Amino acid sequence: MVKLRINNKEIIAEPGTSVMKAALDNGIFIPHFCYHPALSISGNCRICVVSVKNMPKPVTSCTTAVAEGMEVETENKDIAAIRKSVLEFFLINHPIDCPVCDQAGECTLQDFTYLYGSDHSRFSEEKRTWHTKDVGPLVKLWANRCVLCARCVRFLNEITKTGELGIMNRGDRNVIDTFPGMPVDNPLSGNIVDICPVGALISKDFLYQARVWFMDFKQSVCPMCATGCNITAGVYQGKIKRFAPTKNLKVNQYWMCDYGRLSYKFVHSDNRLTAFLTRSQAGSVTKTTLQESVNILKNSLSGDTAVLASAYMDNEGLTALKTVTDKYGIKNIGCLLKPDGKAQAFGGGFKISHDNNPNRKGFENVFGKAVLDNGYRQVIDAVKTGKAGTLYVINGILDYALPQELIDAAGKVKFLVVQDTHSSALTEKAHLVLPSCTYAEKNGAFTNEQGMEQKFNRLIDPAGAAEPDNIILNQL
Amino acid sequence: MPKTFNAKTMEKFQALSQRYPTKDALLLPVLRLAEEEFNGIDDDAMELVAGLVGVPPAKVMSVFTFYTHYRRAGSGKYLLQVCSTLPCALRGSQEIFEHLKKKLGIDSEETTKDGKFTLKKVECLGSCGTSPVVQINEDYYENLTTEKLDEILNKLQ
Amino acid sequence: MPEKTLLKHTDTPNSETMDFYLSQKGYEASRKALTSYEPAKLIDEVKGSGLRGRGGAGFSTGMKWSFVPKDIFPKYLVCNADESEPGTFKDRALIERYPHSVIEGIIIACWAVQINSAFIYIRGEFTLGAKKLQKAIDEAYQKGFLGKNIFGSKFNLDITVHRGAGAYICGEETGLLTSIEGYRGYPKIKPPFPAIQGLFAKPTVINNVETLANLPYILNNGAQWFKSMGTEKSPGPKIFCVSGHVNKPGLYELPLGTPCMEIINNYGGGVWKNRKLKAVIPGGSSAPVLTAAQAEKLNMDYEAVAAAGSMLGSGGLIVMDETVCMVNALYNLIRFYHHESCGQCTPCRYGTGWLDKILHRMEHGNGKQGDIELMLNICDNMRGKTICVLADAAAMPVQSFIKNFRDEFEYHIKEHKCTVTI
Amino acid sequence: MHDNDNGTEKKNLFHSIYLIEIFKGMMNTLKHFWLVKKFTVQYPEEKLKAAKGYRGEHRLKKDDQGRPKCVACFMCATACPAECIHIKAGEAPWPDRDKYPEEFEIDLLRCIYCGYCELACPCDAIELTETFNIVSTTRGEKLYNKERLLNGK
């Protein structure tokens, strides 16, 4: 281990780490564009200069390795002057169109210019202009705003290894572009929007949806697979506008997949269940209340009830369910799972899990492996053979049509209770429908495939009268 | 239209791949092969090169556009590259360039209508002692005067 | 004219052939090296000769070799034949007219550092040079001077000619390495230096063509002979490239320390058209310009040129007569650097473009008050702030042109026209 | 008015009937009746012109092609202390522009006419006109939409 001082703070770092990393890891910020902890060092932006004692001139902190006894200063007059000059160079060809740029408010170029830059321009020539175009299904490129840090190029070369973007031409004609007919279309393409330090790469999905300073940012966990990526949700006027990954080196590093990124749309979809409903034998549907529904449910639960719970339920819901099944002596319990997908691994260790359920591990922890593996079959058999009088399905799986087998079987029970977030073929048949909250509308926790329990926060108000699973179950 | 190399070029490609320890390093030499075979490189040629070298096409394009000496597709039969950097400029390369512009009726980076000549103003060709110099396709023509140039152009068919 | 060494045969017909080279004690030096020199001893011999790199930086060649780790394999040698500094054209003559001397130099250098694979990076425009080199290499393979078990020793060596494709930055040694590796010719961050981690992340020696061509002569004639030429600190023969407004531009092999005016007047045939000398760029386009008065007193060796405020670089003299507009000349040079900046680092990418635009405006009569200060400030902001020295190379001419010919720039701005009329 | 040292006033008859003061007062009245220019405005028959810089009803400006100058940057909404500006941005239907306001709404009942929106605008697109007589018979009419702001009705 190497001991050094940065801004008079003693820091211990591993040999070979850059001064930049050592500083950032210890809460000292050094301005940077091209440096990204998960990507290779490029050293091209030249703004991360720091003064090192006994070195003739300021050095770039991302390319300088720590050394024993090094004394580093990250802010002084000389450095501020260099940063000012570098920013001036960046801005001579930059359109400075912050008013229409989605990055405004979270743009490092804007921030650094505010900190170090000049309030006027000495550049009186004509600016170089470039294309604005779609470069992929999720991403739009404003090449004029680009600072050529090449983070996107390195990301696509090193993490996804697809290399759809390249820097074309030479010198100040340099421009980011795709090969004709080969857009940036890979499962992680949205990440290049997050790592772009300026407004050059913009999410088409979020385009002009909200200015970032109006948004509330809350932490959550992506429910679309068992990886359990940590996410930051941007909420504006009660609607989720975007998801972005939160750094968690143990789970998702700095990334998330595009499918997860767009998954907030399921929360806002039109077919959300917003009211407690009862269906009479004749088929007429009446709105009811939580209390009323709980009373009905209490009366119908008994030892020969079958329960199907999904692995989209959070740990709180599952624990509450366990209490309920124990109380009523329910033996027929099964797990409703979204079928597995394809596991995908990327550079740097990021994985998209084959398991499309966020809480399979959590289900196993509460109900045991036997229920997880065989419960579903048992329940279906019990329903088909008429052994179960009541079937209580707690679903909540997003972006999934329930298996036909279950829908057919469900028609055979005397009393069908469905607790779900979205309406489905099953809720059409149910005698009692309980609207439940999605992960975005409640506090809870999922246990991911590594066995880590990860908490997520309520992002928005529940849709209509929807209630969290555990709130409903606790009253039974 | 996807392009392919002919057998002879493929042989050259195989020989080249013995020479370099990584596949990436083949990129520049293989672009030269493509330039030779197709007399200029276009998007299809780049895709072919990308496939052979095993890199994404965007990378090939990125490298190809970095280097200015590769022949772009659509160049004329004769590519006239007029050096315009200081040592040549001191000895009259501007005059040579203006003469060519007038004679061929085209500006830099343009091709005559008959597709015979492409004119290109380029930076230092490394022949400052024998300036002004024009590179026509692969050959250097040095110590040029407008009269000499006319003679040379007349010989080019 | 003094006795020539490197350029002795470049004007002889068929000098590029193997037969001719063999008739001039060809490949005897390399045979001697491989059969009777231990690698370490060879490095000492070259160190002792005081040979300094001829590419521009002037670093001791023997020292450079000794930095290479001995126990890491493979190692590479790269011969830098990407001669693209405006005003320099010496390597082209060696490659086209006497390629075997370069190949023999490579064999000697590879033996000294125990390298089995060498690349010659030749600039893309030198098609003829590349062909001649390839032919010479093929001949050397046939004779058994290259390939397996050279001269009956157990030493193997392969040389590959790698053609560039028109990028000045690939003359910068790390830019050259990335170019061979098949990328855009972006210079690499140093450290690690190429001697430790260079081509394909292996230890790499990079030498200029002229440096390598000196090696056979050093081995044949001995270090003492080599030291007898030139100055104490910069021994050996040096090729000067004279271009611009002289009657006889060309290559002149002269000892280091020859007075500048002697080169221009005696060898270059004097300033052409009986005009007066105005300015000289002594070491290729990126060297600071000197006035005629400064040139009068100048001796052409590394130290003296540095003392005069410029640098000898690769030894390319660009001579300018009294009719040259210095604004135009600087605009021409900056256009070159703008065109050739690789665009990796911010200050160079935008700085060269900005300077180009200002000078373009000034040259076309639209200069503004404050432009000179602005340009000097941009140069300050560019220098020393980038990965490689191209930003410095672009800034130095601007600073020196303005320093030495400020009145012409001011006249351009004030009167919107040129001081000189032809 | 202290006439003597002990603070009491001594008045004679002539003073106490105030003839001169009444006359002086009448003269002043008569002067204003005939001689001094009248400044009472017969509103609403006559229209009053507000002082320059008066901050009245809002308007969105148009560019030379008749398109809203507004680029939907939300600077006005950000600056607004009353939070009365509601914008929905969208991709501009014109090739030379990136962003434009699909909806632009100002709640005049919330507005405090501070003029911050005008100051904040980087495109000089919003303006507080000198129109002050903003009347409506319903609350809804005070919600000015994009059309109303652009065209004045």
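Chains here go by letter, A, B, C and D, matching the order in which they are written, and residues are numbered from 1 within each.
In this text, contacts are C-beta pairs under 8 Å (C-beta built on N, C-alpha and C of every residue); 3 or more make two chains touch, one makes a residue touch a chain.
If you're wondering where the values come from, they're calculated on a predicted model, not measured in any experiment.
No other pair of chains shares as many C-beta contacts as B-C.
One simple way to say how far apart two chains are is to compare their mean CA positions; for chain A and chain B this gives 49 Å. In this assembly, the C-alpha centroid of chain A lies 54 Å from the C-alpha centroid of chain C.
Chain centres here are Cα averages; for chain B and chain D they lie 70 Å apart. Averaging C-alpha coordinates per chain places the centre of chain C 75 Å away from that of chain D. Along chain A, residues 167, 169-170 each make contact with two or more other chains. Residues of chain C found to touch two or more other chains are 167, 184, 339-340, 342.
Of all possible chain pairings, those that touch are A-B, A-C, A-D, B-C. In the complex of the two chains, the chain A residues touching chain C come out as 41, 43-47, 49, 57, 63, 82, 85-86, 88-90, 92-93, 122-126, 128, 147-148, 167, 169-174. Contact residues of chain A toward chain B in the complex are 157, 162-170, 177-180, 182. Of all residues in chain C, only 74, 83-89, 92, 123-128, 158, 160, 162-168, 179-185, 200, 241-245, 249-251, 285, 316, 318, 320, 324, 329, 332-333, 335-336, 339-340, 342 touch chain B in the complex they form. Residues 71-75, 77-78, 89-91, 98-99, 122-123 of chain D are the ones that touch chain A when the two sit in their complex.
Chain B contributes residues 19-22, 24-29, 31-32, 53, 55, 62-63, 66-70, 81, 84-87, 89-91, 122-131, 135, 138-140 to its touches with chain C in the complex.
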